[in-house]
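Two complexes follow with chain A in common, the first pairing it with chain B and the second with chain C.
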Partner chain A sequence: MSMNVNTRPADVMPPWAKAITLPIILVVIWQAWAMTLPETSPAPAPLKVVQSFVELTASGELVWATLQSLGRVLAGFAIALAAGLSLGVLMGSSRMVRENLDPIVESFRPIAPMAILPIAILWFGTGTPAALTIVAYAAFFPLLINTIHGVSRVDRQLIRAAQTMGISRLRIVIAVVVPAAIPSVLLGSRLAMGVAWTAIIAAELAVGAKSGGGTSGGVGQMMFVFYAYSIDLNGIVVCMIVVGVIALLIDRLFRLVERHLLPWRN
Partner chain B sequence: MPATMPKQRPLNAAVLPGGERGAAVPPQAATAPAARYGAGLFLRVWRSRWFIALRSFAIFVGLWALLAAWVASPLQLPSPATVFDAMVGLARKGELLSQTLISASRLGVALLVAAVIAVPLGFAMALSRELNAYLDPIVELLRPISGIAWIPLGLFIFGVGGTLPVFIMTYVAFFPLLLNTIDGVRDIDRKLLAAAKTMGVTRKAQLVHVVVPAALPSVMVGFRIAFASAWAAIIAAELIGSPSGLGFSIEWYRQLLMSPKVFSFIVLIGVVGYLSDLVLRALQRKLTPWAEGLGIDA
Partner chain C sequence: MSVQMIQPKPAPKLRLKGISKEFIAPRTGQRTLAVADFNLDVQPGEFICIVGPSGCGKSTVLNMIAGLEKSTSGSIEMDGKAISAPGAERGVMFQDYALFPWKSVRDNVGFGLRHGTAGAGMAKAEREDRINHFVQLVGLKGAESKYPHQLSGGMRQRVALARLLANGPDVLLMDEPLGALDAQTRLVLQVELLRIWGETGNKDDRKTVIFITHGIDEAVFLADRVVVMSSHPGRVSAVLDVDIPRPRTEEVRLDPRFAELSEEIWSLIRDEAYRAIA
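What follows is the complex of A and B.
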């Protein structure tokens, strides 16, 4: 739409060139800054980060830690999915259930997942079950709330049509309400996986920090070991990048599924 | 009316479930006219929102007490009564208030800093395609890295203390504010802008009288999401890397094995978070009463 016809170099740059300009400048400045520091400085530098990434990948440590964290996220997500879906369908389809449980759900929602970590540690110790509790708790709310939203927003006419045909309440829920709620549930799943991934890093980090470096593993734990024991800031940056990339992949994967299963949206 | 259709905003959908149902008499009541006249007052109280909430809480606390009695380990699950006692004790000592104020002031500073950076930047990025082409990629590169993942590096840079939670929260609050501002500015009704242009309104006046008011509801939504994310992040940041605040307190009393106090602080975190959202919602309605017409749900 731009009416500009002048040909300053900035305007003839293709979009991808503009996209990478700033990141490249920042990385170059970062590297230049790091090179002015003495060799013994622990400060991270782009080249050292790359080197660290290659080493950690070659030794298999990074892959293993990532798989461990992902496994926990999936397990916690599965628990949250079972609980969130069943409760969500109940609360979405019955006004009575919803009115009675809403106050309880709403009062738990502002309690951050990390706030219940101390309780989880009191109950389960500093192992995997404590981390799973946090993940499941974090993932539960987006799943529940989006399921309720989807179920209670089902087209009334569809339900009335089913009722006219004399179908039982239970079958209406299974055959009409649940399929209509799927878009909302998928959205809830995507959000839930996002917060679950954040929560597992937090939980591993904190469990590591508070248990004096247990052997629980995972990317968060790895970051903590780099922080507290080997003082390897490059390793920490590698972990941060991995956290970002996995988060991005999870998001894209769910969006892909949404588009594939629900082609009529958009 | 396609213009008022709620937009597809994945971020908001999770945070803003519709509160569309009032406490009015449900349609089923019409089928039982006798009940409506006979025990009208009783029914109205029985069906009122606050009574239902109160009843649910009573049942919840009752179940908790039963479970606590069954577990019989005050360390793992203290009874509601002991938690209440601990809470009263902590409140008397002023600890509840002082720790809340510490966390709240960190939160306030972080939200302020994030808003001061993100909102003008959002306007600039939405209005200038050129700027957006340069900045958007770096935003999208950083956004997937959660605030939590910055904690170890932040600990190195800032050390254990009050700066780390502020840094983490500013980072966390920045993205929803920025993205919602950009969305709000981009989704402005083109007709409004065209009308202003036709009337020969200056660019500055267009910005002040058309763009800003039209984008503000979306900015407010961003602010509420930013608050919710920051509220979750502060607990993690304080728990790991701060010698004070609510997040620190729960972990501190966990290490001292004083479970009733741990539970007290968790309850407090929930209450403060809930009340703050209530205040933000009221503020949102007050500041941007026109939001409803734009299909942004409050």
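What follows is the complex of A and C.
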């Protein structure tokens, strides 16, 4: 009997095929169920979702709202990355800094991003700055915590080795501590990106409610309009799928970056 | 006028005076006296080997000379100045290699030249030449772009050796530097190490070496003096002069004096070695 694992039938399918098999089956079941409902039912159905997607794309609405949200997520993430990384390296490498700041960080961390929305709106109004604040706030903590973890867990022996080569303290942080922390930082980035999307949709939903479908835009507000004004559940599902697919693509991008930055890991 | 007849003994390169080291476990407060009353003067250009049973404090002594570990009492001086911190003039080859996992073989060997004081003011081409030279010397040509996790234990050890030599320190502190190598490679590198140290050249050009080993024959082959340590707590139990002329070649191993010295060292640590496994 052959023991060659490569000949097992399950492995004949390429990975992408495995990834879409189950979703296709579920969609088929969903459509079959929807067809048993009366034509006037507001329940979303796959074919209606596709129709809604085509309409929203053709009108340019969906693309514009998606770009708006994506832009906010990326900008908020960038702010969080800069802040989380620099503060994380400081807190991770200096015990004095860590012990002083840890209580502050830990008492803010359990406060949900949505809870600071009122303050953000009072300060910045209902536009992009408020949304950015929420996203950056949400993304900041995973980045900070993982950077601290990565930096403080650096193999001490490597730092000692660098010291015996006459390398300065600052240079050790740059050439030893930061590279050693990169795997943790990347993990933190992926988590941060996830919560950034959660935060932007929530913020846009809430800001949308305030301004009654005004100027702030974004996928979240589009969802709010579908929900509150046109009761279009198919449109909401389109928004959910778009956000899900974009988040998935970004995550894949992170993995690519990871492979590029960490060729030394198997 | 009187002519001074007595040559003044040169000032020691390293002076370890009454060193002791006690470790205190952070949580339990448990104390371990790792090293006690350790005395040793090392002359410039001298090749010292330290042998002793596992756990007797060899690495601890080395770390204190490196400035990585503070002694609990006693003083350590280099060129008459107290050692308080690590410095590039005292290069260390660690027992666990301490290679940077995210750096290739090349970049590990060149790490000190790139970031440390050893390569300050060195042109890029010169640095590359130096890296190539030492990579070749330890027989790692062809593996330059591999990462540490892709190497065997012996290859990693040779990367660490090349890195130490590339940095060109004044004092070489080596913790079992050839321990992971196969017997043949070890013999070849022993000869190579003596050549790099400057055995055939001018005595004044030699580097000062502290070399920890478990191999008694290795110690006798390499050293000017062998320091034998005993454990619990770690102290110097004997210092033997290796009066075998240099340059030493493979024939030295057949010298009756070689066998005699090896036997003497073995007799000093035999009892403790047997007791350790009894």
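Of note:
Just so we're on the same page, the second predicted complex is superposed on the first by the 223 of 266 C-alpha atoms of A that agree within 3 Å, B and C clash if a C-alpha of one lies under 4 Å from a C-alpha of the other, contacts with A are read in each partner's own complex, and residues count from 1 in each chain.
One rule holds for everything that comes next: a contact is a pair of C-beta atoms (placed from the backbone, for glycine too) under 8 Å apart; a residue touches a chain by one contact, two chains touch by 3 or more.
Because the structure is predicted, anything quoted here is derived from the model rather than measured.
Overlaying the two complexes via chain A leaves chain B and chain C side by side, clear of any clash. Contacts of A:T198 after superposition: chain B is touched, whereas chain C is not reached.
When both complexes are overlaid on chain A, the residue A:Y229 reaches neither chain B nor chain C. By the touch criterion stated above, A:W33 is placed in contact with neither chain B nor chain C. By the touch criterion defined above, A:A175 lies against chain C but remains apart from chain B after alignment on the C-alpha atoms of chain A.
The partner that reaches more residues of chain A, of the two candidates chain B and chain C, is B.
No C-alpha atom of chain B lies closer than 6 Å to one of chain C in the superposed arrangement. Once the two complexes are overlaid on chain A, the chain A residues touched by chain B in the first and by chain C in the second are 266.
Residues 155, 157-158, 160-167, 171, 175-176, 179-180, 182, 262-266 of chain A touch chain C in their complex. Across the interface of their complex, chain A is touched by residues 66-68, 85-92, 94, 96, 98, 100-103, 111-112, 115-118, 147-149, 167 of chain C.
Of all residues in chain B, only 8, 10, 13-14, 17-18, 21, 26, 49, 52-53, 55-57, 60, 75-76, 129-130, 133-138, 141-142, 144-146, 148-153, 155-156, 228, 231-236, 239-240, 246-247, 250-251, 253-255, 259, 262-263, 265-266, 269-270, 272-274, 276-277 touch chain A in the complex they form. Against chain B, the residues of chain A that register as touching in their complex are 2, 10, 15, 18-23, 26, 42, 44, 95, 99-104, 106-119, 121-123, 141-142, 145-146, 148-149, 184, 187-188, 190-191, 197-198, 201-202, 205-206, 209-210, 223-224, 226-227, 233, 236-237, 239-241, 243-245, 247-248, 251, 266.
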